[in-house]
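These notes open a run of structures that come right after.
Okay, so subunit A shows up in both of these, paired with subunit B first and subunit C after.
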Partner chain A sequence: MSLIRKSPLHDVAAALQPEWGAINDMPVALQFDHGDGQRMATLGIADLSGLWRHGLKGPGSIAWLEAQGIVIPAVNSWAELAEGGLIARLGRTEFMLEDEPNGTTARRVQSLLAVERPYGVYPVLHQDAALMLTGTAVQRLLRQTCSFNFMALDAATQPLVLTTMVGVAVTVLPVATADGVHSRIWCDGTYGEYLWHTLLDIAHELDGGAVGLNYLILEGKSQ
Partner chain B sequence: MRLKAIPGEWIDRSSEVEFSFEGHAYRGYRGDVISSALWAADVRLLGRSFKYHRPRGILSLANHDINALMQAGQRLNVRADVEPLAAGQQWRAVNTFGNLQRDSGRWLNHLAKFLPVGFYYKAFHTKALFPLWERLFRRLTGLGKLDFDTPHLRTPKDYDFCDVLVIGAGPSGLSAALAAADAGAEVVIVDENARAGGSAAYQRGGKAERYQRVNELLNSVVRHPRIRLLTSTTAAGYYADHWVPLVDEQKMTKMRAKSVVAATGAFEQPAVFHNNDLPGVMLASAAQRLIYRYAVQPMQNAVVLAANADGYRAALDLAVNGIKVAALVDLRGKQAPSRLADAVQACGINIFHAHCVLEAEASADGNGVAAAIIAPFDAEGNADAASTLRIPCDGIVMSVGWAPTANLLYQAGTQMQFSDAVQQFIPAQLPDGVFACGRVNGIYDITQKYSDGERAGRDAAAYVGYESATTLPQIAAETESPSHAWPVVAHPKGKNFVDFDEDLQLKDFENAVQEGFDNIELLKRYTTVGMGPSQGKHSNMNALRILARLTHKSPGQVGTTTARPFFHPVPLSHLAGRGFSPERLTPLHHRHQQLGAVFMPAGIWQRPEYYAQPGQSRTDCIRGEVAAVRHQIGIIDVGTLGKIEIYGPDAAEFLERVYISRYANLKIGMTRYAVMCDESGVIIDDGVVGRLGEQHFYFTTTTSGAAPIYRELTRLNTLWQLDCGLVNLTGAMAAVNLAGPKAAEVLAPLTELNLALTEFPYMAIRETEVAGIPARLMRVGFVGELGYEIHVPATYADALWQALWQSGQAHGIRAFGVEAQRLLRLEKGHIIIGQDTDGLTTPLQAGLNWALKMDKPFFIGQRSLQIVAQQPLQQKLTGFVLAAGYSGTVPQECHLIIEQGDIAGRITSIAWSPSLQRHIGLAFVRPDLAVENGAIAIRLSDGSMVNARIQPTPFYDPKHSRQHYPAQEVAA
Partner chain C sequence: MKILTCPINGTRPISEFIYGGEYRAMPDPQVVSDEAWADYVFNRNGAPGIKLEWWCHASSTTWFIVERDTARDRVVRSFLFDEIRYQGGAK
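Moving on, here comes the complex of A and B:
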């Protein structure tokens, strides 16, 4: 496999010398050390930028997605894709799709839009820094970094929040899992290192830190 | 002296705490504050006053004892009246010279007559003496000694949320919290004290009932699942939409409440009489706090100065705890019989109606009270100094009135009005979602306070949608005023203090008003009343009463000064908190680091200014990078440029409207320079527009313009309702510029694209692959050489860089930074928006007429430019050169061009050109001077002049021959 893609967080993760794996031609941190599991339970921060994602917007986007058999979530919410992964509705006519490691929907959408150019559908390239926050102290971290009241959200309704975190525009969605509610966060990749460093600093004060993907999605503990 | 154990006391008698003060060792208990522990050890001198260095002790014991500020190491100006006692601390009083007892600043007390009100202003009036006074004041003023090695404290900041925020956990606040929570609201209640309960816990009137009732209420609050009680937490300000910063020892929490209940209570106010600042003269509530919180005897033999029922209760609290009360002096005339008065008299306490304390007689050492001199006091507030009575005592307890803690209400926009009935300002109209109860609402009767709190809590809950079914309680009016209208006694010797922070006496106010400062805002600034660390919490109300009397107005007519956040001093570490300064890095940042880049901020980005080379100066490094581009091959990260796509049938029309040039006729596969103006015709951005399809364009903006330009274009698209859509790819696409005569040779092995000029001409755009990576290539030439701007998805940027770097090794590839780029573009005469233009520059002034298509139906700024074009040009951007071989001081950007003594222009860019071997630059000059080879004179910072000559741009390769290359396909 040719690893020619690089996460916006690659170099900061590399400084922690993790055990590496690969997703979609991109090196990903599988495990930082034996403390990953403990940190995940307390406050774990994982880099999920390697997951394939693509977006679209425009007045024809809903009809086009429906024609592809893709579920349309309500505005400011998200839904699971049939092949795994999620579709997030970022606005009235704007969507982002993200595949699980073995999913193909987002990649398929990207390929179709590169060829078809249907009327009123505008492809949106997503090269985000994508994070997952896990553990019991997530709310404490969110309260230090974001003025939005995430406690008021019901994860079961699959809400999605567009807000700012430590001064960076982010998309946040809480995900209910067997291990509790995790938070997925996406931001422009060029803010990725800043966001990572800032969240990690706070996480360390809360006895958390970076965690690899082994504990999250590669061993079946997916969203 | 410690009293025997008292129910509800805060101290833990099983845990002794050792500490020192002014070098002497003391012991207190866990739960003590510094002042209570010292007072228990019979220490009366706790500090010195700010101006006169007079001895001071406990006044309020409520976080406002500004004359008992202390320092321990790097912790300075700690308020001893609320600072919890901790083992091993070594405290010293601030604002002393030498030590507290023998403070050499004491002599200032004897110079009071030479330090009149407004002394600072008067001293600085004489210019010649300014330095003398400045040195003196700098030496005398300031509290505490700052240690500049104090480490930077990083404190977190929290956001928090609730339905109802109750500020103040006294009887009314607790009642409000419970009522709101019972109605269904999520409630947070905060109190600055270490424990909740408020005045009901210590204003007991000699009985246990008040304490027991508030304790039962507190237990209900603590147990309630929808109430969070935060003690030792100050609600420090009020901001729009019920945003209240909550400050505790560790951090600041930004509380966003849906409604707010102010149960903030009232500050007890001192009486004004001669020597009212001696240690041993204290507010009644301070004495009661000493007794019931810390089990400390405030004094042995007290005189109580009262003007309300609280004073009578204070006398009873003293009496039942073994303190002899020599007399109760009531400013008021004979009152109607009451059970309180009967109880006082039953304790054997003699009551003097219509009397005042004329002065406190100092003890022999001057650090305490020996007696109270009382005198008859008539209804107009005049003391009969001829009929005095000396009552020996070691302490005077003052209970003459209150001032509402209405700061947050004022900040919220509450309209307050002065109530003669209770002699204080009370809310007349509260903002939406803000409620008040208890003393701040003018309610003092304890039973009424509970009812008022319940009412406010239920109102607040109802405001956020939690209605209660039961009837709201009725609140009865107060039967007597809790505050005296004139608790002020004149004295020929003065030293009857109104403001204890600033040592302001009654006569200071009289003099200020006489000098014309007869408005409350002017009076505040001239006298500095209320400008000390306690911010007037004990002085503003008396100052207001004094001003009202002096100007023959009512207190309501005088009004109050503006209450601004913060209500209470907040540590700078809390305000600063953790720094959140967003920073953007391109995906190639670490490549630049590996190459030794020296970074510079470019807006929110970090960009390589140049790449440091071992043993080379900055200038040599930059010139080396320039040489690489001119003679071989250079590569620069231009990923910070704004990158936007537009799709749709109206995409071309949209671009026609936002840029000054024409794009409807742009061929697919070609690019065109793009200048954007605002509606006044001023240049705000530039970039390149490329056409990828009939309905598909890809265009760039400046680095700094990326975010605002996209935002503005989105706004315009919404406004115009054109059939097109914008996609911001600034962060999603990385970009590098490969520039130099070897660019084609470096690129050719990595792509199947035919790079021949005929196939990929200058200003063309192509979508292809480079090193197997999907890419967009633009043949642009900002730096004046053959160049390829290569745009790829950001995750591929590193792979692209590696491939180009490897391919370029055989050609001597070198990374170049922003400084080299600036120089290269200057040689080419290309402008930088924001450097070579300013907030008034039009395309006509910048020499961009060639790009301006005024015959278009419409573009933003067109109408203004039509008008501007009718006027003569005021300035014109033009090139200039210094003389070859010039070796003097080089002019800098913004240096002025002078013509016959007048300003005739300014330099916007200047640099040494390696290609031309002389200094070149761009400047705005008067049009009549902008003639080829014309002479201009540039004034340096030292006033000397440098001659230069106008030269057309481009300075380098004016025929652009270096960009029309290669003619043939390049071998891979």
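Moving on, here comes the complex of A and C:
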């Protein structure tokens, strides 16, 4: 196994000495300790940077995605991909695709764009820090860190919010699950450590903390 | 808290936005006189009043136009540049 990719959050996660695994050739924390399940139910923060993602933008991007058979969500919303994963519409003509651990759509889009170079479609590299917040205290954390009222959103409509969180530009995507509403968060990888530390400090105050991917992936909650 | 409305992302605190300067229609450089071009490049009108301004929603890098009364610091409306472009430029 050649692990050539590295999460922007690798070093801060390594400091907590988790049990390691790998997704898409990137080391990922599978479990921090036996309290992962408890923290996940209260306020868990997981690093999902290992999931494969790719972006594209430009005036021809909608037509090109439709030609690939990929569903086009409305502006500031997201949709599930047929092969697992999600497509997020970040603006009128900008999209980000993210695969589930065994998904192939984002990887296929990246390969096609590298070969075809279609007119009016421009690839966007996404080496983001990707997080997932889980548990009953997610809204309390969001209220402390964002100026946006996430309580006003209906997760069933699959909204997507581009805002700032503790001063960092983030994409936030509320996901309705059987356990409640989780939040996916992406930010520029260079801000990852700062965001992780800040959110983790707040999470500790709320009886939460870091969680590994064992629960998320095995239970199919990564999206 | 001061707020501003992005035409794409909605109403947000002003801390999410970056001011990009006054919007001024660029004269056609192929036909404009040297004096008019120099006026466009070097001179600014600082008098308060209703002005069109560039603003950017930093979290999404959405650039748009705000019509703002700079004398009273009141936003009249915000809209995408397309509205100006399709009208052939702002006066």
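Everything below uses one rule, namely that the second predicted complex is superposed on the first by the 219 of 223 C-alpha atoms of A that agree within 3 Å, B and C clash if a C-alpha of one lies under 4 Å from a C-alpha of the other, contacts with A are read in each partner's own complex, and residues count from 1 in each chain.
Following the convention adopted for this analysis, contacts are C-beta pairs under 8 Å (C-beta built on N, C-alpha and C of every residue); 3 or more make two chains touch, one makes a residue touch a chain.
Every value quoted in this text rests on a predicted model; they were computed, and no experiment measured them.
Asks: Scan A:Gln38 for contacts with subunit B and subunit C and give back first, second, both or neither.
Replies: A:Gln38: touches no partner chain.
Asks: Does subunit C touch more residues of subunit A than subunit B does, or is it the other way round?
Replies: Partner touching more subunit A residues in the overlay: B.
Asks: When the two structures are overlaid on chain A, which partner does A:Ser77 contact: first (subunit B), second (subunit C), both, or neither?
Replies: A:Ser77: touches no partner chain.
Asks: Which partner chains sit in contact with A:Ser147 here, subunit B, subunit C, both or neither? Use first/second/both/neither.
Replies: It touches subunit B and subunit C both.
Asks: May I ask you to decide whether A:Asp188 touches subunit B, subunit C, both, or neither, giving the answer as first, second, both or neither?
Replies: A:Asp188 sits against subunit B, while subunit C stays out of touch.
Asks: Is A:Gln139 contacted by the first partner subunit B, the second partner subunit C, both or neither?
Replies: neither
Asks: Once chain A of both complexes is superposed, is A:Thr163 in touch with subunit B (first), subunit C (second), both, or neither?
Replies: After superposing on A, A:Thr163 lies in contact with subunit C but is clear of subunit B.
Asks: Please indicate which partner A:Thr104 is in contact with in the superposed arrangement: first for subunit B, second for subunit C, both, or neither.
Replies: A:Thr104 contacts neither subunit B nor subunit C.
Asks: Need the overlap of the two footprints on subunit A, from subunit B and from subunit C, as residue ranges.
Replies: Looking at subunit A, the two contact sets intersect at 147-148.
Asks: Could you pull out which subunit A residues touch subunit B in their complex?
Replies: 2, 4-8, 10-11, 26, 49, 57-58, 117, 120, 122-128, 143-149, 151-152, 166-168, 188-194, 198, 201-202, 205
Asks: Within the complex, which stretch of subunit C touches subunit A?
Replies: Its residues touching subunit A are 1, 8-9, 12-13, 15-16, 57-60, 62.
Asks: Please output the residues of subunit A touching subunit C within their complex, sorted ascending.
Replies: 75-76, 90-92, 147-148, 161-164, 169-171
Asks: Where on subunit B does subunit A make contact in their complex?
Replies: Touch residues, subunit B against subunit A: 156-161, 254, 256, 578, 580-587, 589-590, 605, 639, 645, 647-648, 693, 696, 725, 727, 729-733, 772-773, 793-799.
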